[in-house]
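First chain A sits with chain B, and in the next complex the same chain sits with chain C.
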Partner chain A sequence: MNRDEIFSGVQEIFRDIFDEDDLIIEYSTNSDSIEDWDSLNHINLVSAIEKEFKIKFALGELLTLKDVGAMIDLMLVKLK
Partner chain B sequence: MNEYKFSDIYVGLTESFEAKITSEMQDRFLKICGDINPLHIEEEYARQNGFAYRVVYGLLTSSFYSTLVGVYLPGKYCILHGIDIQFSAPVFIGDVLKVTGKIIYINDAYKQLEIKAFITNQNNKKISKSIIKTGLLHE
Partner chain C sequence: MDYPLDVEYILRKKKSLKKQLLASNDRLQKKIAILGGSTTSEIKNILELFLLNSSIEPVFYESDYNKYFEDALFDNEQLDKFQPDIIYIHSSIVNILNFPKPNDGEDVVNKLLNDEVERYTSIWDALQKYDCAIIQNNFDYPIDRSLGNLDNYDIHGKTFFIMQLNLEFSKNARKITNLYINDINYLSSYIGLEKWVDRSLWYQAKYALSMAAIPELSFNISKIINSILGRAKKCLVLDLDNTCWGGVIGDDGLVGISIGNETAVAEAFETFQKYAKELKDRGVMLAVCSKNDFQNAAEGFQHPETILKFEDFTSFKANWDPKYQNIIDIAQEINIGIDSLVFIDDNPAERDIVSSQIPDVSVPDVGRDVIFFIDHIDKNGYFDPIILSTDDMKRNQYYEDNKKRSSVKSKYATYGDYLKSLEMVAEINSFNSLYLDRITQLTNKTNQFNLTTKRYTYSEIEKISSSNDYIKLYGKLTDKYGDNGLISITIGCLKNGQCFIELWLMSCRVLKRNMEYAMLDELVIQCQQRNITEIIGYYLETEKNKMVAKLYEDFGFIFMEKNDSSSVWKLDIKNYKAKNKFIRTTG
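== the complex of A and B ==
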């Protein structure tokens, strides 16, 4: 799975979690970019990504992520 | 009360309990929430609209989802994050409900549990189903 395919899947997850069918994310999108991106929705995002891509994150990995691009970089490593 | 800790939890772990709906419950729920819709308090109105009796509040029956997670699965250390409920059949006073929940997903990083739950009546008819997300106070 390449970076674009991962990004497309992550975008669909964001649209589902935040109930916005036309939500557009970018690599620089972070929790300041989306009003409803609170702690509970953050957990929901991580769970949805884990289930969709069949991967697991450790808390230490997640704490260092600063935006969507960093998340996708981490996913690329896990999906190799 | 169960006291499951995060380390005790596994996908597939299931708990259930039963509860009988009484008219006193219905009356108390009305006092709490003030929902005076006649479907819940007038037998004649309920019959005219196709129901055998006045209909028990959906959120009264759903309050047992709170009991499920707060007392049974995971129990004492539960912190409720959210519930998504769908109703599928009416409940009437005197019904005996069975509430069942099963762990379907564990978010290890944030220690969140996902529980698939449902409620059936004494005729084994499903009256609602839900997806419940909880945290845990104890590892």
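== the complex of A and C ==
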């Protein structure tokens, strides 16, 4: 799976979780850019990503997922 | 939002699901306090969806993280102000303070157990001041067992400790009438402990269960709430061919259908029939709705191996009319709301037509394989009772007696002659402790003949029962065909020489029997004994109680005023003449 495929999959998940059909994310998108992105929704995002892409983030890795770019970088490694 | 749950979809789409659910129909508002022993935010969100899906709009109070004990036990102004209708205590294995240690003696282990139980009994005691339903988790098993299989039977085992705790919870729930157990011990074993727990989520956010388990938990809580609110279904409507037995009786004949234990297929149908019979034995009514010749259909239940018999069905419709028409007839015949029916049919086309024509009927998508039919009935909790009352178990008898009554109705010249022939005797009296359970139950599930649809908790009924500010009548009715049980309730609040009727209800199984007149007569007598000269009645219209819109008018009350969906009525009882002519009353 390449970066673009992952990116569009992640974008779909963001749209569902925040219920905004036309939400556009960028690599720099973080919890400051989306109002609803609180710690609860962060968990929802991560579990939805884990389910959708059939991967698992380790406890230590979760702390590094500060923005969309970091998420996708880590996913790329896991999906190789 | 029904079994089988699409857990991922619910979690991911919860916001848009909520929007959709909020867009539809009128809802009942309920105040629900969640007292958590671990994080509850997502439980609250998902529970909200399930409740909205059952037309209940929850308003939540959520305790601070792991403050369930403090919130319950100590003065809590916020919770006092909130006045919960329902309190849900989400505790679990993570909240157990002390498990036995390997070198603890038996007395120490027993003390640990008692201490743990006492923590909860003190919570339930303290919460009684709110007069509301309490839903309490029992405990899930530990996922790690350092004692291995011995954990299950050594007194130091965690598993053994939890089994004992759960047993104590069950005993308490039998004693405390407003305490309901949310059986997470079953739920976690049903979905698998491995899926139930997510260690990572525990360390990150202190959830005692996994994200995937939250919809299952919330669904289960919503089933309990629905049952508490008297929304359990009442009648299971069954198709016949390939639902109650394998094969088509019209083509294959009695010897050709599969039922019994001769073949694997026959055994699967036998299991399904046994499940339906179990439901029937505890008060769920059964009905048949099948496209068949009546003779053929009835013959199927003469099969030597059949579990269900023709007499087990309160209503039996086998003909070639559209099924939705038959189902409407079934509901009318046994006098229950159409939303009290669940329809099981192996044929997807028939299911579609029924659910599109009468959307209020529950038509689970059971598939075509009988093996899975039970799950769809069981796991959707349609018929979940909150208490097994003797009245429930007798209910089928009442309806059978009713069938006898209506079959003789045509023999009489006038309806009055028929009523006379029933030799009815009513017992109408003030509440007594024997009947408080049944009275509470009736106030929560009677929808049609109910003037105000006011719901009461057990403790409210208990209070009214012992208060002098109320006239509180129950009515039981017997006739020559049998006992109808306790079927009518009237509660009047006395103030300034007037009696305000805050509840008047009657079970539809005694409709048109003059029972309402007998109740009114007794109400008037009791009012007169206390020098009350006026009775004020209210009609609060709901979707289901239109049948009593004119009741007070019929009683001779004078219309006073009307707001949107409610009206007020007044009766001067100085010159009241008794209205009941057909029922002999005893006090």
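Keep in mind that, in the parts below, the second predicted complex is superposed on the first by the 80 of 80 C-alpha atoms of A that agree within 3 Å, B and C clash if a C-alpha of one lies under 4 Å from a C-alpha of the other, contacts with A are read in each partner's own complex, and residues count from 1 in each chain.
Just so we're on the same page, a contact is a pair of C-beta atoms (placed from the backbone, for glycine too) under 8 Å apart; a residue touches a chain by one contact, two chains touch by 3 or more.
The model shown is predicted, which means the values in this text are computed figures rather than measured ones.
A.B. asks: Please work out whether A:Ser47 is in contact with chain B alone, chain C alone, both, or neither, and reply first, second, both or neither.
C.D. replies: A:Ser47 contacts both chain B and chain C.
A.B. asks: Name the contact category of A:Phe18: first (chain B only), second (chain C only), both, or neither.
C.D. replies: second
A.B. asks: Which partner chains sit in contact with A:Asp32 here, chain B, chain C, both or neither? Use first/second/both/neither.
C.D. replies: Neither: A:Asp32 stays clear of chain B and chain C.
A.B. asks: With both complexes overlaid on chain A, does A:Leu59 touch chain B (first), chain C (second), both or neither?
C.D. replies: both
A.B. asks: Please identify the positions on chain A that touch both chain B and chain C, taking each partner from its own complex.
C.D. replies: Common interface on chain A, chain B vs chain C: 40, 43-44, 47, 51, 57-59, 62.
A.B. asks: Under the stated contact criterion, what part of chain B meets chain A in this complex?
C.D. replies: Against chain A, the touching part of chain B is residues 81-82, 105, 107-110, 112, 114, 133.
A.B. asks: So in the complex, which bits of chain C are touching chain A?
C.D. replies: Per the touch definition, chain C meets chain A at residues 8, 11-13, 15-16, 19, 41-42, 200-201, 203-205, 211.
A.B. asks: Which residues of chain A touch chain B once you look at their complex with the stated criterion?
C.D. replies: Spelled out, the residues of chain A in touch with chain B are 40, 43-44, 46-47, 50-51, 56-59, 61-62.
A.B. asks: Which bits of chain A are touching chain C when the two form their complex?
C.D. replies: It comes out as residues 13, 16-19, 39-40, 43-44, 47-48, 51, 57-59, 62.
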